[in-house]
Every structure is written in C-alpha cells, then in structure tokens.
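In the two assemblies presented below, chain A is common to both, partnered first by chain B and then by chain C.
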Partner chain A sequence: MNIPLNASQLDNNGRRVVVDPVTRIEGHMRCEVNVDSNNIIRNAVSTGTMWRGLEVILKGRDPRDAWAFVERICGVCTGTHALTACRAVEDALDIQIPYNAHLIRHLMDKTLMAHDHIVHFYHLHALDWVNPVNALKADPRKTSELQKMVSPSHPKSSPGYFRDIQNRLKKFVASGQLGLFKNGYWDNPAYKLSPEADLMAVTHYLEALDLQKEIVKIHTIFGGKNPHPNYLVGGVACAINLDDVGAAGAPVNMTSLNFVLQRIKETQEFTKNVYLPDVMAIGGLYKDWLYGGGLASENVLAYGTYAQTPYDSSTDMLPGGAIVNGNWNEVLPVDVRNPDEIQEFVDHSWYRYANGAKGLHPWDGETAPSFELGPNTKGTKTDIKELDEAHKYSWIKAPRWNGHAMEVGPLARYIVAYASGQEAVKEQVDRSLATFNQNTGLDLGLKQFLPSTIGRTLARALECDLVVDSMLDDWHALVNNIKAGDSSTANVEKWDPSNWPKEAKGVGTNEAPRGALGHWIKIKDGKIENYQAIVPTTWNGSPRDSDGNIGAYEASLLNTPMERPEEPVEILRTLHSFDPCLACSTHVMSEDGDEMTRVKIR
Partner chain B sequence: MSHIETFYEVMRRQGITRRSFMKYCSLTAAALGLSPAFVPQIANAMENKPRTPVLWLHGLECTCCSESFIRSAHPLVKDVVLSMLSLDYDDTLMAAAGHQAEEALEDTIEKYKGEYILAVEGNPPLNEDGMFCIIGGKPFVDQLKHAAKHAKAVIAWGSCASWGCVQAARPNPTQATPIHKVITDKPIIKVPGCPPIAEVMTGVITYMLTFGKLPELDRQGRPKMFYGQRIHDKCYRRPHFDAGQFVEEWDDEFARKGYCLYKVGCKGPTTYNACSTVRWNEGTSFPIQAGHGCIGCSEDGFWDKGSFYNRLTDIHQFGIEKNADEIGTAVAGGVGAAIAAHAAVSAIKRLSGNNENSEDTSA
Partner chain C sequence: MDKRFLLLGIGNVLWADEGFGVRCLEHISEHYSFAENVSLLDGGTQGIYLLQHVQDADILVVFDAIDYGLKPGTLKLVRDDEVPKYMGAKKMSLHQTGFQEVLAMSEFTGHYPQEILLIGVQPDILEDFGGSLTDGVRQQIQPAVDVALKFLAERGVHPLPAGSDANSRVASISPELAISEYEEGRPSEDAAFRFGDARFIPAPENNL
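And now, the complex of A and B:
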C-alpha cells in the first residue's frame, strides 16, 4: 500500500468527519478526517487539545525534585518520566547508581511496561475489536472450547465460568443502564468476532481488571505507591535489609522480595495464557483488516533500553536506532545530544519561535504559545467545528529526526530490534507471523504483516511477554548480588548541591510504553535552568512540519475504509493501536509563563 | 423522575442471594470502621436508595486518579462499575467517542436531573478563554459548568480538582483553577492526593451510596474519615521519631533499619491523609515504608513549599525545628541517649500541642 506521507499528497475535498473527544486515551485529543465517495480516508488531522506547561514550572527548582514534577506529566505511564528525569540529572552531574538500584529501577520500569500494555489492550483498545453486546448471543460451551483451543493452559475455561459471566452481562445490559458501553457502535459491521470470541474477550476484560491491580504492587514495594511511585536521584530510596535488626520494617526484605516474585509470576502467567493468545486470536479473526501501518513501514525510531550491563547501551535488551525510507537493512545510530539530529518544529503547532527559527534541539528549545486558527477554520475560537490544518492546529509540536517524521513505540522498537538482529525478538516475530499465516491461510511477508494496526498491537503483546520474562532474570540478579554481599541502593556522593559544578547539562532517555522518551536538562547554580522533554506521543501525534511531512497518527489513518463514517470505529482502532497519551505530549510551556497570545481567526 | 434501581435490586438481579447481600453489608460496615449495629442500617439503605449515575469529567490532569480508582480491591472496581453505580460518561474508559460520547453525557444530564454525581478529575485552565483544554471543540470549563448545573453533588478527585496541583504550581501558566472556584453552588467533596488512595476513592463513593449523604467534611471540604489525621500520627516509624532515631542520608544503616525519615524531608508530620493507615494498593505498603519520605501530595500547594528533601524546619507552623535538629545531632554524634530522649520528649510535647490546634486550623 502506498501511503502518502506529505500534506501536499493529501486530498481534503471529501466529507469531513470530526471525532472530539477521542476517548479511551490518556488526555484530550481531536481527530478530523476527510473521506472520499467510497468512505476511504484521504486526509487526516490529529490535534492535541490540552496544554499544561510543566517545563516552565520546573525552572529554578531543585533538580533532585524534578522527577516528582515530571512524573505528573502522566499517571498512566507512571514512573517512566520520573526515571528519565533521574537519568537526566545523573547524566548532568555524572552520578552512577549502584547495581542494585539499576536492577530495582528496571523491575519498576518493566512493571509499568507490563501493566500499561495489558491495561491498554483490554481497557483502552479491546472495544475497538470486541463487541460486548454480541457476547450475549454466545454459547458458553463453545466459548469454553474456544478458550481451551486458544490457550490450553488457562485454568479459567469451564462452560459454567463463561455462563456466569454471560449472565452477569445479560442482566447488566437488560437494566438499560449500559454505563461505559453506552452509545457504543455495537451494530456496526466493522465488528467481526463471533459471539463466542466476544464473550471470551469480555471475560478477559474483567480478568485483566482484577490482575492489573496486582502487577503494580511491585511499585508499591519499591516506590511506596502506585500510581506515582517515588524515585530518587542517585539510586533508589528502598534500602535493603535481609537479615539484620530492623529487617522486618525495611523496604526490601525477604518477605517483600518474595512478594515481588509472586507478582512477576502472576503477570507472566496472564501474559502467556491470556494476553498474547487473545491478541493472536483476535488478530487472526481480523486477517482482512491490515490497515494502519502508516509511517511504520518507512521511518521508525528507538533510543533503546534495558541494558544488561549498566551504562553500556550495546547490551540493551531492546536496542536503539533509526530506520528511514523503509530500509530495514540499515539501522542508523541516534545521538540525542547532537543539535542537528532531533529538532522540534512549530509551523503547525500553537507555538512560535523567536527569530524565525525553524527547528530547535531540545537543549535550546523554546515554547512560547501562539493560539491561532487558520482562515479556513469553521466555527469560532471557543466553538471549533472544523480546523484548518494548513495553519496551526495542535498543542503538540512536531519533532523530527534528521528532518524525518518518525514512528516510535512497541512496533518501532520491534522493527529496530528485528532489523538489528536481536535474537529473542526475531524468534518471537517469526513465530507469530508463521502462526498467523497458518491460522489464516494467508502467506504474508513480514513487511506486509508487521507495519499495520494489528502488527502494532501484536508488537505490544510480544514486548510484554519479553519484558515480563526478563523481570525474573532481574529478580534473580538482584538476589544474587545481595547474596554476594552488596546491599547498596544509593550513591550519595553528589547528593549535596555544594558538590555540583556551577553549570551542567544532561540528557536522560528511556523507552516508555508508548515509545522513545527523552528529557534534556540544564542546571545552573544548583537550580534547573532549562528543562525539555520530547515524549512518545509528541512523535506519533505530531502535526505537520515546515516541509509538510505528516506524523505517525495522521499517516496511519490514510487509505482506511470506514464502514460508517459517522461511527469512527476504524479511526479509534488505529489511533488506539498507538496508545495515545496526550497529557504527555502537550505539557510543554512558555519561557515567561503568563503572556498569552490572543487568538486570531484569519 | 425515572426509577433508578436500588443497590439491592441490582444485586438481586445479578443473582446475589439475600445472605450474600447481608454479608456484603457487614463487610462494608467493617471497611468503614462501623460497629455491627450499623449493618441493618446499611442493608436498609441499600435496599431503598436508588442506584446513582456518575459522570466523570477530565480537565487538565494526568489520569493518575482514574488509574488509582481502577486499583481498588475492596470493592473491586469491576463490581463498582457493573453493579454499584452507572458510570455513564468517562472519556478514559467509555466505548463511545465524539458525538456519541457527548450524547451519552447529555442523556444522563437530562434524564437524571438533580440525581447524578459529578466526579471531576483535573481542573479547568482559565487563560486563553479556556482553550488550553478543549473538549468537543469547546473549552473544558464550559463542559464542567454545564455538567455541574444539575448534579446532586460534586466529587473533586485528587489534588488537581481539589487544589490545582502541578499545573497550578508557580507560575501557573494556564491559570489552572481548582473546581470549587468555578462551581460555587454545589456541595463539593474534596478527595485530594496525587493520586488519592484507591480504597479511599471507592470508600467515599460507597459511603455516599450506602448512607445517602455526604461524608462529614472538614473546613477544607475533605472527608474527615480519611483526612482527619496526619500521616505522622499513625506512622509505623513514629516510635523512631519519638526516640530520636533518624535516617541521616540515603541508604545509611538507619535507612536499612527503617528509622524515621524526618531529616531527609518527610512531610508526614504536616500531611493529612490515610497513607499510614489504609496504605496503598490493597494495604501493600506506603511511601515511608518503601524508604522515601512523604512528599505531602494531598496538601494544598505542596509543589511550592520548597524541596521535597528540605526538613520541615522551614515550615513555621510545625515549630519543632530546633529540638528535632538537636535530636539528630545528638544521635549522629553518639552523645548520650538520655539527652536525645529528653529532647525527643520535649519535641513530642510541642508537637502534640500543635496537634490540638491544627485539628481546627487545618481547615
């Protein structure tokens, strides 16, 4: 499929369809598309509709506090910004953390990854594929057979179990109060599952709801709470005491380590017995719906994460790198410090740059708001009917790597890892494709299969599986390291700001659940002088840049046929496959804070 | 007014027996810290009180409150959503989007005028005519006022809705504004925290549904049952504070022994919340137990009270700085325990004196 990737190639003559709010995402987002006479999407406009401004709030504050502020960028990917902030500060001040802290941070970060992926699939994404009303028609015995076929090891598979759930659902629907399912698109032909598959998936929606609250308890052990566990510059705050006086009241002791191990195993079981089989089964049943690839087959970016050896990115479990122009044979190195590589553009964003600058590297980033609507906007400033995408139209900036719009996220990570020859990832991907082809009777190649909405959703599930398995390794490594006599969890040599240089700058990177995440900090006289973050949804949800290159969300929607344009099932399905996080993408803020440009309707 | 099903009707309809229903009532009583004598009252309330629609709006926020809510273990969130209330609008979880989502909101406002609960996560920005947070092409503040107009009561989830939280930290560029400054004619229950504890959130809701009234609030509008005491008052490390045993720096031998975190910045002594009693994530742990001081996330303006690692000596109303410092010096310097103990006692005396005052002045 040839996807046009520049605004100049898009056709906005057809009927305009507006979706606002886009629901089942984090934050606030709007999407407008044009469909042609065959109801195929020919133009797509993605808009971030919120803006909070954390970076200016950070100015002048204690760099050791930054993690807590930026953690509140997002409560869904909770912790990933905190971790990245600690890394940025530690990079600036040249602080290396103890090995135990490295492992505990990985355990916490992977806990987030697993939790986020599972909640995303079942509670934010599943209703794009699964019809809970259709599940009422299912035969519980056949659902039981389906469950045993899809996942022989899952213990919750009896006909009675599914009948109970179905009865509960029947009574819920019969009440007429559909709650969260109200006004869904339940008679739309875009839903293709059998009643039995729908019942199985709805049942797992509920099972996942119960399980997700267990996974996060790993954060509670190491970080005291979830959402928003506590982090610490220099290591972790959860001291280790296994066998001395006070161990019972210490954060990390034998019981809490056992507790963590138990949560890892539960998550592993759920991922292998429920999550991954569900994604494969549902993907197979939607085998004819291979839309949504967009930028993924062309340009993808990852910073890499989960180094086996601390501070050695060549040991990353998921390697970093960039692929452009669809050349999967070459993974290009990425340097987040190079001022020419990563730049943000604001031609179509509600910001302006001083001195007419085009793109700016985040260390030199500017974020002055400029809320203007273009001349072809329909409606008024406070009642927008249709946006004018030829002008400014989003609170999200447009980051580019060497001028390219890039897709980030689990699919981007998996394409980069596959192309880099990461063995575990290759094995997972090849096996999944073979199973998919076998189940569907298709003979798809990797590049037809992986860059798609289904491929994006599958990559997330595969990643969850890989990451949870590696948590067991981390847990054993932690225990072995303690056994070897190392109980250290924090490096406090530079805790006192009097030991800091007068000026310093640093960068922290991570792979957040939604993709490549970078925080850039400048420290002066012990205080934050400048702070900039480029988050995954800034990449994926970006508007057009000065050259008209469109972002990943917009690209992914193009050429997709809609069953009923007034019911945006297909739009939601593909947008959700990115797991949008709008509070993340639009938190940036002006230098001076309170000076706001008035809106101009031209 | 259309008939709204009672709790009991819903539970019966879902195949729950009378016996299980009564068991549920007694568990509810226990969870709320009530004596068994209250069980018949709860049962009566649940048999006769209508099942309430809830509209859950999102302004400028990070969704941590929703994430916390779905962590609730008792009651399980699936039971809350399927059986206890009717969550008719919540843009984080609802199936419908766009026009169909907006219709769902309007339907409930029309159909259940004066009967629904409005739950608000996040807050409205007032700068730029409210367009820093846009829903359906319009400012969020419009949706908020519209939905509040016919609400029976309003819940302010978390520190954003209650106080303003991080986006309202200096210089508050978007003029993010707590909801009580925008909704002035309705009772508002503040459930602060960043986020609030899951079981506190569901506890507040089940209390309202069960007893058919708002929980008793302090002067700041917080339920007394969860926000009536400071974290310090019930902290398991409190004996170490009283004994003058403090963590001096991260990962020192005292950190490993679980000593008091006051000297590394713990805000437990000035933070009103249930973290040290209810604890987090089904009672698994809480920040102090995991080795990091409390950052005071349920308090008004906690972002602007200095570094999270500054000792509370900076905060005037606390008033024990000198003594507590002396305690620390004495311990660190290995000076006799008797002096430390003496200082600690005087510190506690002054602290408890303060305690009595702050029961009222906290509001």
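And now, the complex of A and C:
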C-alpha cells in the first residue's frame, strides 16, 4: 500500500469532509479530507488555525528570561521549551553546565516525557480506541480474568475492584452531565473492543490519573514548583546539600532524593504492568487496522537526546539522525546549524518572506504574517467553508530537511534508533513485534507493523519504558557524584551580560515528547534579536512546500477507510497518535462549556 | 483539622487580558500572606497538572478570564454547581484539557471541593501577543481580590498581619514574568507584530 507523498498524486474530487475542532473561543487545528466513493481518504489538508506569536513576544527580551516566556507558550510542553531555551542561550554564549545540572535536567525532562506519554495515552488517545459507554455492559468478573491474562503482575485485578469502578462510572454517566463522554461517537463500528476490555481501559484511565500527580512531584523538588518549574541558564535552579532536612534547607537532600527514587519506581511499575500491556492488548485487538503510517516509513528525523557523557552526542540514549526515502539501512547525520539542511518554507503558509526568499534557516527566519486565501476557497475570510490547499492554507510553516518533509516524534526516534542499532530499542521493538504476531496470528514484518497509527502509539509506550528505566541510572549517577563531593549546580561565570559578545547566535535542541524540538536564537547587545522555534508539530502538521511535498499529518490520513465520514473517528485516531500540540493555551471559560467538533460534509 | 483552601489563578499572561487570573494571584502573593491551610497557586494554562491541587482543596477560589458575553471589564462571580464542568472526547490537543475538564476529572475521581467560587472578568482583548492587561481589566484586580478576601473571612480565614512569617504554600509567578518587568520589557509594535489570525481578532487585519 503505497502512500502518495506529493500533492500532485492526490485526488480531491471526492466528497470533502471538514473537521474543525472548536475550543471555547478559537480554532486550533482544522482538517479537511476528500473521500472517494468507498469512503477512503484520498486527499488530506491539515491547517494550523492559529498563530502562536512566540517569536514576536521574545524579541527585545533578556535572553536569560527566555525560558520563563517559552514555558508559558504552551499548556503541556512547559519544561521542554524552557530547557531548550536555556540550551539555545548557553550555546550562543558558550556556557557549559555542571554534571549535576546535566543529570537533574535529564531527570526533569524524562519526568515530563513519562508524564506526557502516559497522560497522552490514557486521557487523550485512549478514547479513540476505547468506548467508555460500552464499559457499562461489562461483566466485572470477565474483566478481572482479562486483566490477569494481560498483566499477571498488576495487583489491582479483583472482580470487586472492577465492579466498584463500573458503579462509579454508572453514577457519573447517570448524573446527567455525561461529562467525560460527551461528544463521542459511541455507536460507531470503528470501536472494536469488548465491554470487558473497555472497562479495563477506563479503570486504567483512573489509575493513570492517580499516578500522574505523583510523577510530577519530581519537578517540584528539582524545579521548586509545579506547574511552571524553575529553570536557569547555566545549570539548574536548585541547591544541593545531602545532609539538610526539612523545608528550610536545600531542596535537594537525601530525603528528597529518596522521594524522587520512589516516584521513579512507581512510574516504572505502572509502565510495565499497565501502560505497555494495555497498548499491546489494544493494538492486538485492532490488528486489522494498520493504517496511519504515512510519512513514517519514508522520512523520519530526530535530533537525538539523553547523552550519557555531557556534550557528546555519540553517547545519546536516543540517537539523532535522518532517514529518507525509506532507506532504513542508512541513518544520515543532521546538522541543525547548517543553513542548507533545515529550512522553512511558506508557499502554503500565511507568512511572507522578504526579497522573494524560498526556504529560510531558522537563524535567518522571518515571521511576517500574510493571511490570504486562494481563488478556490469556499466561504469568506472570517468564515471559511473549504480551504484552497493549492494556495496558502495554514499558520504553520513547512520545515524541511534537505528538501524532505519529515515525521518527528516517538515513532521517528524509534525508527532512527532501531536503524542506528541501539540495542535496547532493538530488543524492545523486536520483542513487541514477535508478541504482536504471536497474539494475532499474523506474520507482519517490521516495516508493515511499526510505521502505522498503532506503531506510533506503541513507540511512545516503549519510549516511556526506556526513559523511566534510565531515570534510575541518572538517579544513581547523581547521588554518587554528590557523595563524591560535587555539589555544584550552576555555572554563573557568564551570568553578567557585560561578559557577552556584542553579537552571538546559538541553537538548543531536544527531543520533546512530541518530537524533535529546536530553538534558534540571535543575541545582540544583550537582548534577543531573533528567536525562532521549530516545534514538533511544525514538522508533523506542516502544509505542503514549494515542491508539493505533503507533511506527516496529511500523509498519515491517506488511504484510510472511514466507517462513517460524518463521524471522523479514524481521522481523530490517527491525528491523536501524533499527540498534536498546536500552540493554543488560550482558555477562557464560557458559560456552556461546549466544545463540539464541527464536522461538515460537502 | 482546618479546611484546606486553594486560591488559584489561571490564564496565559502572554496574551493580554488572558493573564487576569494569574495577575490576581501575583497581587495576592505580594500583598497578603496566610496560614498553612491556604495555598496560593499560579496555574497558568495548565490542565491536568492542576488536578492534584484541586483534589486536595476543600474550598477552591479561582480567578480567571471568562466569556459570559458581558461588557469588558465586568466582574462575574460563579458559585459551586454553576461553575461549568465537562469533558469532551474529541480534543485535538492535551491543552484543551482545560480547567473545566480538571473539575470534571476531580469529580470523577471522587475528590471534589465542597465549595467553589469562580471570580471571573470579562476580557477586552486577548489576541495581543506579548501584551498586558487592558486598563479596564487591570482595575478589577483589587476588587476581585477583595471579593476573595471577604469570601475567606466569612469562612474564618483572614490574612496574617503584615510582617509575620507566611506559612502558606505559595507558587506564584516567577520574577522573570512579574507584571512590571513584563510590561517594561515589551518591544515596540514596529519591532514585533502583535496580532494573529484575522478571523479571530478585531486588529487591523486589513493592513496585513
């Protein structure tokens, strides 16, 4: 099943389905597809309907404050932006952080990643696979049997436990507000789980809620508070003294470190006994639904992260690199500084470049808006019925690596790591495929299995497992280093701007939960002269480029059959598998609290 | 045991009047301190991260920008069951785990505050990237805080005398984003375009 990856190969003659999720006051992302007479998606148009304004907010600000601003731009990715901003400034000013700070940053970042992955699966994505209304019909005894089969080590598995949860669910639904389950397509045949499996998953939704609030306490210890933990250019914003106790002492002491260790172990248990088994079980039950791979089998990109030795990317736990044209035998090196490698195009984005530039490297990036619609648009500027994708159609720019559209994210990282021969990743992936084939009776190859919506969701769970395991190593390394007499957490030699060059530029990269993240900064006279961020969703949600190459979201939807085009379960399922993150963060409470996705068919 | 109070400010300080709730919290943490059973929290635009704090509260006071279609700058008080809570299955992004959803999750898990007071203000301008509160909304900070103090006083909670060591848990906005620094450090409009999508803003979109 070859996925067409260029606009010239797409067919937009069929019925147009417009999915425009509307939050309380404004749109975030919009998706339009054309389906053929068999309701198979043949054209997809992904639109960021909002501009984040990040670049303009930062212009002229103190570079040392950038982390605090970028932490506010987004309601979920807070810390990963803050960390990447610190790295960009440190890179520009040639600041190296102490080893303790290296380890603490990793612990904070991995905490964020594990939290994000678990919450994404249970509280955003699960409802694309799991039907909570159906769970009301479950026999709790059979759910208990299922639980014991799927995950023998998970202690919460008695029939009484599931009956209690089911009763709570009944009460919640009966209270009339329907809350959680409003706006679902609960009688759509695209939902395939048994009531028992649905009840098990809803139960884990609640268990995950309990767990997630424990994980983030790690941020409170190292970052002083949560939400919005503190970061610091040059290191981390927490003092260390192993002998201190109580609130008045240094926040990092043996008591708080032991607390961190317990949180890591809880997360480890949950990931191994609940999260991974659930993903494998649900994946197996949807074994015939291997759509959604799109760009992943062809072009993937990772910057790499979690270096064991500071500033030595060859020791990255998740290696960086690019794979193009589906050649998994060759991982190409990526240089985020090279002006010819990463470039952003705006042919189909609502921006304009001065002097007729085509692609611009982020250091030379421009953010001048240009909201105009193509001649085939239906509707008006303020009420668009149907976009003209041959023209400009998104607030997201189109970043490209050496001219290629790339998918980023856990799946991309796992393909790059697998192709790079990362042993732990290979073992995880091979074992998962073998289990999947065994459970389903299929005989899929890796390239049929991994680049898919299910594979993307699985890669995220495997990554959570890998990352949480490695937190134990970081924890021990930190304790050993402190015990050896090193309590330094920050390098403040260049804190004073009088020690900075008149002009400097830098780049910070990270692997955010959603994928490769880069912040490029130019500093002049102690102030931010230009700031450009290419966030993972810019890559994945990008519109077409000058050559018609389509982005990862658009590619992932192609060739997917829809049960009922007026109920876009399949579209949401695949888009959610990317964990989309479209700017946003504006939230205003409205009276009716309504958030209906409008679906229109023309 | 004393009841636990949570004073929570939510919103995005980077987008003009969206910052109202957080600025109220900043104002409280600067001018008042409380005993141990009162927590002050800058919730920003966080969703699920706020859940544990809401679950832990017996009495919750929320400051936020709210859209009730009122005249900009109008204060609006909403109590208990009148505070909207819902959860939707069709979110596109975790960010849409808005605060209402946090309330719904809190209820689903069986830990819901006994009392909620939402102190809202109708915003004037939201799409002004890097902007601060408009005057009409800014003038409602002290009145909003006064409402909260009266509400607390009715429940036997009073601010500690000035100068006493505060015991309450405070997680307010970091100094990098304090309102005075935030406003003074803003680049000029010529240097940085401040507006967004023409479909959503009353800004001079025709000049684009």
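Everything that follows uses one rule, which is that the second predicted complex is superposed on the first by the 570 of 602 C-alpha atoms of A that agree within 3 Å, B and C clash if a C-alpha of one lies under 4 Å from a C-alpha of the other, contacts with A are read in each partner's own complex, and residues count from 1 in each chain.
Note that a residue touches a chain if its C-beta (ideal position, glycine included) is under 8 Å from a C-beta of that chain, and two chains touch if they have at least 3 such contacts.
Everything quoted here is computed from the prediction, not taken from an experiment.
Colleague: Is A:228 touching the first partner chain B, the second partner chain C, both, or neither of them?
Modeller: The answer is both, since A:228 touches chain B and chain C.
Colleague: On the A-aligned overlay, A:120 touches which partner chain: chain B = first, chain C = second, or both, or neither?
Modeller: After superposing on A, A:120 lies in contact with chain C but is clear of chain B.
Colleague: In the superposed arrangement, does A:255 touch chain B (first), chain C (second), both or neither?
Modeller: A:255 contacts neither chain B nor chain C.
Colleague: Does chain C touch more residues of chain A than chain B does, or is it the other way round?
Modeller: Counting residues of chain A touched by each partner, the higher count goes to B.
Colleague: Just to be sure I read the superposition right, which of the two partners does A:579 touch: chain B = first, chain C = second, or both, or neither?
Modeller: After superposing on A, A:579 lies in contact with chain C but is clear of chain B.
Colleague: Using the superposition on chain A described above, determine whether A:244 touches chain B (first), chain C (second), both, or neither.
Modeller: In the superposition, A:244 contacts chain B only.
Colleague: Examine A:490 and indicate which partner it touches, taking first as chain B and second as chain C; both and neither are also allowed.
Modeller: first
Colleague: After superposition on the shared chain, which partner residues are touched by A:18: those of chain B (first), chain C (second), both, or neither?
Modeller: Touch partner of A:18: chain B, not chain C.
Colleague: Quick check on the superposed pair: does A:435 touch chain B, chain C, both, or neither? Answer first, second, both or neither.
Modeller: In the superposition, A:435 contacts neither chain B nor chain C.
Colleague: Considering only the touch criterion stated at the top, classify A:153 as touching first (chain B), second (chain C), both, or neither.
Modeller: neither
Colleague: Indicate the residue numbers of chain A shared between its chain B interface and its chain C interface, in ascending order.
Modeller: 21, 23-28, 49-53, 56-57, 61-62, 64-65, 68-69, 72-76, 78, 119, 123-124, 127, 168, 172, 177, 179-184, 206, 209-210, 212-213, 216, 225-228, 230, 369, 371, 381-384, 395, 572, 589-590, 593-594, 596
Colleague: Give every residue of chain C touching chain A within the complex, in rising order.
Modeller: 10-15, 18, 42-52, 55, 64-69, 84-100, 104-105, 107-110, 118, 120, 123, 126, 129-130, 171, 173-174, 176-177, 185-188, 191-200, 205, 208
Colleague: Quick one: in the complex, what on chain B touches chain A?
Modeller: For this pair, the touching residues of chain B are 5, 10, 13-15, 51, 53, 58, 60-68, 70-73, 76-78, 81-82, 86-88, 90-104, 107, 125, 127-140, 142, 165-167, 169-174, 176, 194-195, 197-198, 236-237, 249-251, 255-259, 275, 280-282, 284-292, 295, 297, 303, 307-309.
Colleague: Using the touch definition from the top, list the residues of chain A that touch chain B in their complex.
Modeller: 18-28, 30, 49-54, 56-57, 61-62, 64-65, 68-69, 72-76, 78, 119, 123-124, 127, 167-168, 171-172, 174-175, 177, 179-185, 206, 209-210, 212-213, 216-217, 219-230, 232, 234-241, 244-246, 249-251, 256, 259, 369, 371, 379, 381-385, 395, 487-490, 492, 495, 566-568, 572, 583, 589-590, 593-594, 596, 599
Colleague: Could you please specify the touching residues of chain A with respect to chain C in the complex?
Modeller: On the chain A side, the touching residues are 21, 23-29, 49-53, 55-57, 59-62, 64-65, 67-69, 72-76, 78, 116, 119-120, 123-124, 127, 168, 172, 177, 179-184, 206, 209-210, 212-213, 216, 225-228, 230, 350, 367-371, 381-384, 395, 572, 575-576, 579-582, 584-597.
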